[in-house]
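Each structure below is given as C-alpha cells.
Two complexes follow with chain A in common, the first pairing it with chain B and the second with chain C.
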Partner chain A sequence: MKKNVHVDDFTCPGGQVTELDPAEFMPLPPPYDKFEKPPIKKLTDDQCKRMDATLDGIVAIGMAPPATPEEEKAFVEKFLAGLEKLFSVEDNWTFLQPLLHTLEYCVKCQICSDACPVYVSSGRQDIYRPTMRPELLRRIVSTYIKKEHPLLRKIKGSDIELNWQSLARLAELAYRCTLCRRCAQVCLLGCDNALVSREIRKVFSQQMGIAPKEIHEKGSVQQLRVGSSTGMNPAALKDILEFAEEEIEEKTGRKIKIPVDKKGADILLIHNAGEFIAWPENLEAFAIILDAAGVDWTLSTEIAGYDSVNYGVWYDDFQFARVAIRQSLAAKSLGVRKISLGECGHAHKAGIVIADRVLTGDLIIPRESSLPLLEEIVMSGRLKLDPSRNDFPVTLHDPCNMVRLMGIVEPQRRILRKICPQFREMTPHGVENYCCGGGSGFAITQSSNFPDWRNSVSGRMKMKQILDAFQDVPEPDVKKYVCAPCSNCKGQFRDMFEYYGAWEKSGILYGGLVELIVNAMTDLKQPFIQWEWH
Partner chain B sequence: MAVQPLGTAIIAIVLLLVIPLGASAAGWTAPLAVIIPYAAFTLFLVGFVRRILLWAKAPVPFRITTTCGQQASLPWIKNDPLDCPSDLKGVIGRMALEIFLFRSLFRNTEVKIVGGRPVTGSAKWLWFFGLLFHWSLLIIVFRHLRFFSEPIASWINGLAAVDGFFEIGTPTLYLSDAALLAGLGFLLLRRVIGPRLRYISLVTDWFALLLILGVATTGLLMRHFFPADLLQVKSMALGWVTFAPTVPKVVGTALAIHLCFVFTLLAWFPFSKLMHMGGVFLSPTRNLANDNRMNRHLNPWNGPVKVHTYEEYEDEFREKMKLAGLPLEKE
Partner chain C sequence: MGTLIIVLTYIAYVFIVVVYTVKIVAWLRMPPHIRWDLYPVIHEEHYRYGGSYYEQQEWWTKPRPKNRWRSLLYSLKDNFYMGEYYERNRIYWLFLLPWHLGFIFIITFHILCFFAAVAMVSGLEIAAGSSQLAGKGFYYLLLVTGGIAFVTGTFGSIGMPIVRLADRGLRTYSMPMNYFNYLFFLVVYGSGLFAWLLLDPTLEEYRAYWVGLITLTPPTLHPMTVLHIILFDLFLIYLPFTRSTHYITRILAYFFIRWDDEPNLPGSELEQKICGLLGRKVSWEAKHIPAGKTWAEAATESGLPEKK
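This part shows the complex of A and B:
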C-alpha cells in the first residue's frame, strides 16, 4: 500500500517525500518484465550532501543546501519576490492567463492523472500527478502572495510553510514533468498543468538562476556564446559538413555540395545541432532529398543559425527571446524567403508558435515545419521511390510539440504510408501520443541518476507502446525501425534502447523520417539505412 | 493531517444548517428575506465580474492551444476544423462542443493493469454524470425563474412541463431533479469510494458538492414533503427583483435552510473553483484558433523604435575610430 503524500512531507527537512519502488512500476511486456538491472541508482551519502535528492531520490538540478539560516531566509525571500513577479501583468505577460486559470478554477476532478505517462508508469506516485505542482503553488500563493488569514488557510487546508527544503523539492518536481500537455488535452476546462511546471521552472531560472546545467549553462548560454548548444562552433560545423559531403558520395555515389550561407536562397534549413554531432545521416538525407527535388535551400553558419534548439521554451522567457532573435538574425542576413525547421519538436514550438511575439520589423521571417515540404516532395513524385526498399516494420513516434501543440499530424503519416509497406501505428498515436520520456530537456539532462529515472519512469510508457507496436514480430533478427522526426526524441530512444537492450532483445532501431525517404530512393546503389548504427 | 477535509466541509454545512434553523425557530427571518439576498447577490455579481475582468485583462500573446486533430495545412491534407480550428467559425464550434457536450472530458481514458499488462480504456462515466449534473442544474435554475417573473414566461412553463412530462407522483417529480441528484451522487461517491481520490480531495472540493447537494435536498423536501407557501415565496422573490423586499409572515424551516445554502453558494462562488463557469469561456488552450502557421502574430505594442544602427554609429564616429585604431567595417 502506497503511503499518502501530504504537503507537510514537502516541508519537513530530510527524508524523502516518495520512495520509488521499481516493483510498483507499470509492467513492460516480456522479456522486459524480468529486467534485472537495478532500475535507479541510489545516491551516495556524499552526493546527498552536495545535491538535494529529498523529493524522490532523483537529481535533475542538484541544488546544494544553504550553509546558514540567513542564506536560507534570503533564498526563500528571493523565490517569493520572483513569484510576486510571476503574477503581475507587467513582469509576466507571456503566460499569465493560462497560469491563473489553472490555479484558480481547476475543479480537481483528477482525470488528468491517468493521461500522464509519468504518473501511470511510476505506479501512480502521487507526487507526479499533474495536479500536484499547481496545488503546491496554490498553497504558496494563498499563504505568501494573497496572504490569506491564517484561520481561513487552516480551514481550507491551504497553509504551507516555505523553507529551503520545500523549495528545493518544488524545483526538482518541476523537472519531473516532460511538458507533453496530455493533461491539458483531456482537461474539461482547458487547464494547463504542464504550463504550471514550466512557470515554476521560470521563477527558479529567471529569478534565482537555478536550472539544470545541461539546459542553461551548457545549453542556451553556450548556444548564444559559441553558436550551438552542443558546443560546436561554426568552424567545426564546416568540417562536419565536408565530412557529410564525403559520406554522401561514399554511400550514394552522388556529389552534392551542401549549400552554406547562400544569400537569397529560398529556404534556410535549420537543424537541431544534435544532428551534426550524433546523427549526421539525418542532415545528409535532408541534403540528398532537397538536392534531388531541386529546392533552393541553404544552411547558415552564423551563431544559432545552424542550431534550431531554443531551450528557453522549457524554462526561461529571456533565454527564449535571445535565441529566437539570433536565429532570425541569421535568416535575415542571408535574405532567405523562409526558415524551415528540421526534425526537432520543441524548435517547432519555439520558432513557429511562440517566436512571432519577440520578433520585430524585418526579423519576422516566416517559419515553417519541414514536414509539409517533405510531404509535398514525396507525394509529388519528384523523387523516384520504391517502397519495397523499406520492407521492414516501421512505427512512428509523434513529437508532442508537433502533434498536440501544432496539429501537424498527417504529413509524416502520408509519407510513411507511401514508402513503408509495413508501417504500423502505436496506440494511441497522433494528437493523443505519449511523450518519448525525454521531453522538455530530459533527453539531454544527464546529471547523476536522472537518466535512470528518465529511462525507467518517464520513457516507460513509450517503451511499452513501441514494444506493443512490434508485438507481431518480436524476434531480434527482424529489424524494426522507430521513426522519430525529432532530435530530442531520438536522444531519448538512443539512451532508452541501450538501457533496455532493445537492439539485442528485439532488433529495434530508431531514426528520423528523411532517412526512410532516402532509403527508398531507387537510384541509390546500396540502402541508406545501415542497421549497424545502433 | 490534522484537519480532515471532508470533516471540515461537513461541519461547515452543519453550521449553515443550524443558523437558519435557529433563526426560523426564533422567528427572526427578516435578514434572510431582506438584507442577505442583496448582500449575497452583490457579492456574487461583483466578485464574478471582477474575476472575469482580472482574467480577461491578462494578455494572451501565444496561441498555445491543445490541438486534437490535424491543423489546416496544405490544401490536399484533410484538416480537422473542430478539433484544431484555424478560424473563428471553428473556434465557436469547438467551444460549443466543449461547453454543451464536454467534448474534452469525453476523451478521458484510464489505465488499468490487467493480467500484468497496462490497458488503456475509455472512461465515460464521469463525462455522463458530469453532463447530467450540469444540464439539470441549468434547467433547474431556469425553472426557478417562475418565482421571479409575473406573468410567467411561456418558455419557463414549457420547460417545466417537459421536465415533468412523465407526471410521476404528486406534485410531479421533475426529471431534472432526479438527474441532478444522480449526477451529484456520482461526483460525491467518486471522491468517497476511491481511497486515492478521497485523500487528495480538499475541503473546498467537498464543500462545493455538499453545498449544492444541500440546496437540492432542501428544495426537493420543500416540493415533495414540507410544502412551502408558494404564494409567499413568490411575493418574496418578486419583492427582491422589484427592489421592494417584503418579509413573509411565516418562513418554513426548509425554505430558510434552502435560502441560506443558496446565498452561501452565491457569495462563495466568485472565490471558488466554481468560477470555471465563467472561466471555461476564456480558456486560451481551447478558445484560440490554431493559426500560427497561417498568420503572423505581430505585437500590437511594437511601437516605432528609434534605432541607431552600427552602420550609422560607424559613420558618425569613423574619423575618431580610425584615429584610435579601432577596426572598421567600412573604410
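This part shows the complex of A and C:
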C-alpha cells in the first residue's frame, strides 16, 4: 500500500521523502505497457553528497548542503527574508494579489490533484499534489513570518520546523510542477497552486540566486549576454540564415532572401532560437510562406531580438522584464509596426500577455501571435494548397501557454482541418489539454537524472494522449505526425519519443504547423516534411 | 434573555459586516498584478471553446466585447451547483454542496426574516392563513428557506467530517480546526433544526424575534430557540475567522485575476498605475538584482556580472 506523505515528512533530516516506483506509474497503452526502459537513474553516492536529492531521488537544481551549522542558519534566514518580500507591494506587486488569494482561500479540497498530470502519471504520489507546495509555504509563513501563537498553529495545523534540508526539498518540489495551470482551471475558489510553485522559484532566484543552471545561467543570463539562450550570437545567426536560404533553394528551388534588420518592415518576426539550431525547417517554412504571401517582414539581430524565449516567466520577474524590454527595444530600433511571435508557447505568453504590464510608454509595441496571420494566409487562398499531400494521420498538441493561458485555440485547428484530411483531436484538447511534460523549463533541464523523470513522469500523460489519438493506426509503417506549434514542446517530444522509441514502435514524428502548410503547397516539387529526419 | 439576544445579534451582524467589508476592501485595494488570465474567459465571445481576442490579427485595432452578465451568472451559479466537484469527486460533492447550501440559505432566511419583520411592523400578517397574498408568500418563503438551511446544513455538517476522514488526500490535509468547524456548525444547524421541527414548525418565534430586533422589544422565546439564536450569533462572529469570505472572494478572483484580460494600452489609467509601481524600490538580494534600485531601474539593467 502506498505510503502517505505528510508535510511533516519534509522536515525530517536525512532519508528520502518519497521513493518513486515505476511499477506504480500510470500504465501506457500497448506496446508501451511492457516498456522496460532503465528506470530513473539512481544518483551515485558522490552525487548525493554534492547535491540534495532527498525529495524524490531526482535533481533539477542540485543544491549543495551547507558546510557548517552557521551556513545553514544563514541560509534559512536569507530564505525567510526573501519570503517576507513575497508579501510586499514594493518587491512583489507583480503577483501579490493572486498569491495572497491562493494562500488565504485554498481549502485543500484536492479537486486539483486529479487535474494534475504529474500527480496522476506518477501513480498519485502525495508529494506531487498541487496543494503540497502551498501547504508547506503556508506553514512557513504562519510559523516564521506571521509568528502565530503556537496554540493557534496547533489548531490550524500550521506548525513547521524549518531546516536547510526542508528548504532544499521545497526548492526541488517547485521544479516538479510544469506550471501548466490545469489545477487552477478546476479550482472553484479561483486559487492557483501552480503560481505558488513559480513564486517559490522566485524567492530562491531573486533572493538566494538559486535556479537550475539551464534556466538561469545558461538561459536568461546567456540570452542577455550574447543574444540567445542557445549561445548563438548575431554572427552565428547570419551564418544559419544563409544555410537556411541554401536549404530552401535545395528543397523548393526557390531563391528566398530572408530579411534581416529591415528598417520600417511591417512585422518583426521573433522565433524561438532553438528553431534555428534544432529545427531549421521551421524557420525555412515560415520564410517560404511569408515570401509567397507577400508579407513585409524581418528578423532582428539585436540582443534578444532574434530569440523569443523568455525563461524569466518561469522563475524570475527581473530576468523576465529584462528580456521583454530588450525584445521591445529591438522592434523599436527597427521601426516595425508590430511584433509577431513564431511557434513557441511560452514566448507567446511571455511576450504578448505577461510583458503587457511591464512595458510602458514607447516600449508598448503591438504584439501578436503568428497563428492568426498564418490562418489568414491559408484561408485567403494566397497559397495553392493540396490537402492530399498531407494525407497521413495528424494530431495537434495544444501548448499550454498558447491555449489554456492565452485562448488561441481555433486558428491552428482551422488550418489543420483545411490541409490535413486525417486530422484528429487528442482527448482532452483545447484549453483542457495536458502539458507536453516539458513546460516551465523542464524540456531544457538536462541535469543528472531529471530527463528520466521528465520522460517517464511529467510527459507520461501526453505520451498516452498521443498514443490514444493514433490507436486506430498503431502500426509503425503508418507514418503519423504530432503537430506541436511550440519549440519547447518539440524539445520535449524529441526526447520523449526517443526515450520510448515512438518512431520505431509506432511511426510517430513530431513537427510544427508551418511545415505542414508548406508540405501542402502544390508548387513544391518534393514533400517538405522529411520523415527520415525523425 | 430577550435583551441579551437582541444586543448579541446586533453585535454579531455589525461585526460580520465590518470584518467582511474590511477583508474585501483589502483584497480589492491590492495593486494591479501581472496578467495571469486562464481560459475559458467567460466574458469572451468565444468562451464556449475558450477562445480569446488573441485569435484575431491586430487585436488591438478591434473591439473587445465583454459580456459581464454572463460572467456574473457563471460565477454565481457555482455557489449553488459546484460542478467541478460533481464531475471529479461525487461523494465529496454529495456532502459539500448541502453544507454550502446550508450557509447560503441560512443567510437568505435571516435577510428574509428582516424584511418580513419590517412588513409585520407595517401591518402585514404573515401566516399560512393570511388574507394577504404577500403575507402567505412570506410565510412559505421563510418556511422553505429556513427548512432547507437547517436540513442541508445539518446533513452537510455530519457528512463532511466523515468524507474527510474516509478520503486519503482530504484526511492528510485536514486540521483540528476543520473538525472543530464541522462540529460547531452541526450544533448551530442542528439546534435550528430541532427547534423548528419540534417546537416552532411555523417559525413564528423567529418572526417574533426579528420584530423584536427591529423594534428593540425583547421577545419571549422558547429556551431552545434562544439557544439556537445565540449559537447562530456566535456563528456569525466566528465566520470571518474562517475562509468563508470565499463566497465573495472567489468571484473577485474570477473577475480580477482569472478573467482579467485587460491590455495595458498607452496612456491608459492602468499604465499610470504600473508606472507608479515600477518606481518603487526593491530589496531582493540575489547578485543579479542591483541593490537600492527601483523596479524599473533593476529591470532595465542587464543584471550581468561585471567584466573583469
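Convention: the second predicted complex is superposed on the first by the 534 of 534 C-alpha atoms of A that agree within 3 Å, B and C clash if a C-alpha of one lies under 4 Å from a C-alpha of the other, contacts with A are read in each partner's own complex, and residues count from 1 in each chain.
Note that in this section contacts are C-beta pairs under 8 Å (C-beta built on N, C-alpha and C of every residue); 3 or more make two chains touch, one makes a residue touch a chain.
As the structure is a computational prediction, the values presented were derived from the model and not from experiment.
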Superposition on chain A - do chain B and chain C clash or fit: clash
First, second, both or neither for A:Lys78, with chain B first and chain C second: second
First, second, both or neither for A:Pro13, with chain B first and chain C second: neither
Touched partner set for A:Lys338, first chain B, second chain C, both or neither: second
Contacts of A:Pro31 with chain B and chain C, given as first, second, both or neither: neither
Contacts of A:Met208 with chain B and chain C, given as first, second, both or neither: second
First, second, both or neither for A:Phe95, with chain B first and chain C second: both
Partner chain(s) touched by A:Glu410 [first = chain B, second = chain C, both, neither]: both
Contacts of A:Pro428 with chain B and chain C, given as first, second, both or neither: first
Contacts of A:Lys464 with chain B and chain C, given as first, second, both or neither: first
Touching both chain C and chain B, counted on chain A across the two superposed complexes: 4, 6, 89, 93-98, 100-101, 104-105, 107-111, 114-115, 126, 129, 131, 154-158, 181, 184-192, 195, 352-354, 356-357, 360-361, 364, 366, 368-369, 372, 376, 403-411, 431
Residue numbers on chain A that touch chain C, as the complex places them: 4-6, 78, 81-82, 85, 89-91, 93-98, 100-101, 104-105, 107-111, 113-115, 126, 129, 131, 135, 154-158, 181, 184-192, 195, 205-209, 221, 224-225, 317-319, 321-322, 325, 338, 352-354, 356-361, 364, 366, 368-369, 371-373, 376, 403-411, 430-431
Chain B-touching residues of chain A, taken from the complex the two chains share: 4, 6, 8, 26-27, 29, 33, 89, 93-98, 100-101, 104-111, 114-115, 120, 124, 126, 129, 131, 154-158, 181, 184-192, 195, 352-354, 356-357, 360-361, 364, 366, 368-369, 372, 375-376, 379, 403-411, 414, 427-428, 431-432, 464
Interfacial residue positions of chain C with respect to chain A in the complex: 27, 30-41, 44, 46, 49-60, 78, 82, 84-85, 88-89, 92, 96, 167-170, 172-177, 180, 243, 245-246, 249-254, 256-258, 263-266, 270-271, 274-275, 277-278, 280-289, 295, 298-304
Of chain B, residues touching chain A in the complex: 1, 3, 5, 8, 12, 51, 54-55, 57-71, 73-74, 76-80, 83-84, 98, 102, 104-105, 107-111, 113, 116-118, 120, 123, 126, 130, 196-197, 199-205, 273-276, 279-280, 282-287, 290, 292-293, 296-299, 302, 305
